[in-house]
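Some structures are shown below for you to check.
Next come two complexes, and both contain subunit A; in the first it sits with subunit B, in the second with subunit C.
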Partner chain A sequence: MATSSLLPHSLLSLPTASSRFPKTSLPISSISLSLNQISISRSGSVAFQPLVRRGRDSTFGIARAGETGKEETPAETGGDEGSSESVEEESSVAVAVEEKPPKKPIVKLNEIIGILNKKFIEEAEIIKPVPDIRPGDIVEIKKQKANRRRLALYKGIVISKSSAGVHTTIRIRYMTSGTAVEIVFPVYSPTIKEIKVVSHRDVRRAKLFYLREKLPRFYTFKK
Partner chain B sequence: MAARFLSKSSSGCSLLGALGTTLVGVGSVARETTSKLNYSDIFFQQQRTFVQMGTNLKVVDNSGAKRVMCIQALKSKKGAKLGDIIIGSVKEAQPRGKVKKGDVVYGVVVRAAMQRGRCDGSHVRFDDNAVVVVNKQGEPIGTRVFGPVPHELRKKKHVKILALAEHIA
Partner chain C sequence: MGVVAIASHGLSLAVGAGLLQRNRSNSTGTPLLPSVVRMGSSRKGRVRGMEVVAMASFEAGIGVMGTKLGMMTYIEPEGKVVPVTVVGFREGNVVTQVKTSATDGYDAVQVGYRRVRDTKLTKPELGHLQKVGAIPMRHLQEFRLQAVDGFEPGQLLAIEEIFKEGDLVDVSGNSIGKGFQGGIKRHNFARGPMTHGSKSHRQLGSIGAGTTPGRVYKGKKMPGRMGGVKTKIRKLTIVKIDTDLRAILIKGAVPGKPGNLLRITPAKIVGKNIPKN
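Showing the complex of A and B:
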């Protein structure tokens, strides 16, 4: 309540300031005003004051005028320290009494990629649920090709899975027309319309690159 | 095959199999690289590079040639990738065909052991290097194409080869 009551006062003080200072500085002052008010509501402590004092002189004067709610000229800032501080204490006490908005958890810089990846995966999962894929699974993938209406179908064995958030890829190996093909598919890509695990083969490895040297019948599947 | 088993080479980028040969500093090493960083001896991966001068390629059409050796990869200093055109010398040919042994021909690489990235984030690679003999205009000399071909050829305007193909990977 105290902060809201401060607002109309601050608005009243602005026109007096504008008569002294050119109009171009108004946007700056209003921003600094709002910043200061936010800072008060957050911390509610007088400790923030030292930071404010380091601001530019012109804006500093106007801001302090807004806080105190008194119509005082910027020139009298020095003399009014005692009275302004008491008013700030009042405002801080009043703020502490009323409900503080729940503190948002501060996002650390090194967590941003993880959060973004989770968001992208969630969005992709809504459109198309992706099953749990392990190396050794025999999967059928339906993929949309550019400028084609019919979906391309790929059926093969997963020989490796690379987990990298939204760019999780699986490598499929299959045999067609006498030649073996390996394709890397990004699992959460919108071009992949459906992934279905058809069956599973028991393997004791995470990466089945040994299949390249094995007989073709191990990676040949009838569609 | 035996040579591959004997030489335990782990590629520098064995962490992600998807990366091409961009990390291989020496361009002349075609097949296997000696490992600078030995992450694990279990990795038998070969570092596949471009189709370059000296590369032996299989011919997969009925033009008469069986094996072609690349003598020049057009349009790239490093070498040809999937879908590029090369100039090759016919090393082995069928007795009665349109091309003879020793002919210098143009060819389109339709299968490459080196991965080719697609714009949707997927990669494709085949198990062998194969070429289709074409004329200077890019039209295939033969009338049939064997084996799968990638649809990278569509972007390169090799539509005739795609039409003749058995399977488009």
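Showing the complex of A and C:
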């Protein structure tokens, strides 16, 4: 940088990353970046799996550029033929040339428990939609008891919520006939027919166990 | 329990109380030679000229191998909340060898589990699997059955056909290792008082009588290594079988931590399906 000594501000003369790289490699790196984006979007393709490693030499990008150029044209022609042939296939341009059925994503073993939890929660939600419950909410719960026709009604304040997938539980505290009662309800249980958030009390804690030492009027509710 | 000596080919095997002098076992872990010889045993065959009487116990049916994934809750449609263990299945459960009493002296089905890279297996192991055209698998276990008619080498075992929801199963696997543990944890001994001048809190106490017998009995429960051994939990219920995820939910806990290899077999219930000799 011949002009660095003439400029008054030394900041302007700091060598930038682009100035260090020779001009010839810049367009190649940009091409490989854009190609990377294109090839990643075509997740349906089976034949070509790009692995452009930035740390490698610049010639790597050039070789990939040639391959992707060849790969795109047959895929496009294949897509045109597919759309003209069968309308019921509903295949976009991103279908592989061999016309395989869409690959099922491989489920990792450590994801199975998470997927099972989501599945059970979805099944429970279909039967009864569960609202978003926070500690401090005053809720009304209707529960089916065994061998009873009428549903039991509980109205109290949520003092804690334990999130554990399908076994998410809430602890309700209320006062009935001079006795303080705390009940734990599994939110996604089929015996709980309805959960309704009636009102909300502003609290500054996640667990309201201090209510146990407080006066009963703080957890008494008229049904 | 009788002690019988078999002499053949100049070799004499003195068998006493379940111990064998030459107890070679292959990668499956089952001994090639008989472990106990009892009067009135039924299965006899000839292996390499020697009189072989195999006496390991039978399974109630073909089983599978699986991987413990973890535990979660399952809420039954009636509302009962049940703790379950989720057992997943890797690529495997392929029959690799069918042993018959004519060829091997006993009837068993050898099953492989868990696909691995070729380089992780030795050439003899790879050859054994390539003989039936199976993928390279890490674990091989035998299920000793009374009848091995319906099994072919190379057959894929489908979990849905062997087990169904509500079945009782026995699950065995390596339990969690606890290391060197004392009498209280290992053998549920009671500890001494913590106060009132006591000098013995977690010690064993007395380990025997006086001049007679003048020694400590063999098998006296003492501190030692605990856990990390094969443990079988019997009569667990299968709560759910998920065919898409290839997982089953078993009620209760099973040995080991998540990732542990499990051996799941139909439960052996006295009076129902324990095979008779």
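The criterion applied here is as follows: the second predicted complex is superposed on the first by the 126 of 223 C-alpha atoms of A that agree within 3 Å, B and C clash if a C-alpha of one lies under 4 Å from a C-alpha of the other, contacts with A are read in each partner's own complex, and residues count from 1 in each chain.
Here, a contact is a pair of C-beta atoms (placed from the backbone, for glycine too) under 8 Å apart; a residue touches a chain by one contact, two chains touch by 3 or more.
Note that this is a predicted model, so its numbers are computed, not measured.
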| item | value |
| --- | --- |
| Partner chain(s) touched by A:162 [first = subunit B, second = subunit C, both, neither] | first |
| Contacts of A:131 with subunit B and subunit C, given as first, second, both or neither | neither |
| Which superposed partner A:189 touches (first subunit B, second subunit C, both, neither) | both |
| First (subunit B), second (subunit C), both or neither touched by A:107 | second |
| First (subunit B), second (subunit C), both or neither touched by A:176 | first |
| Partner chain(s) touched by A:212 [first = subunit B, second = subunit C, both, neither] | first |
| Which superposed partner A:116 touches (first subunit B, second subunit C, both, neither) | second |
| Shared contact residues on subunit A - subunit B and subunit C | 167, 186, 189, 191 |
| Contact set on subunit C toward subunit A in their complex | 67, 69-70, 72-75, 77-79, 81, 86, 88, 90, 242, 245, 247, 249, 258 |
| Subunit B contact footprint on subunit A (complex, rising order) | 145, 160, 162, 167, 169, 171, 176-186, 189, 191, 209-210, 212-213 |
| Sites on subunit A touched by subunit C in the complex | 107, 109-110, 112-113, 115-117, 120, 124, 144, 164-167, 186, 188-191 |
| Subunit A partner contacts - residues on subunit B that touch it in the complex | 1, 4-5, 16-18, 43-45, 111, 115, 120-128, 130, 146-148, 151, 166-167, 169 |
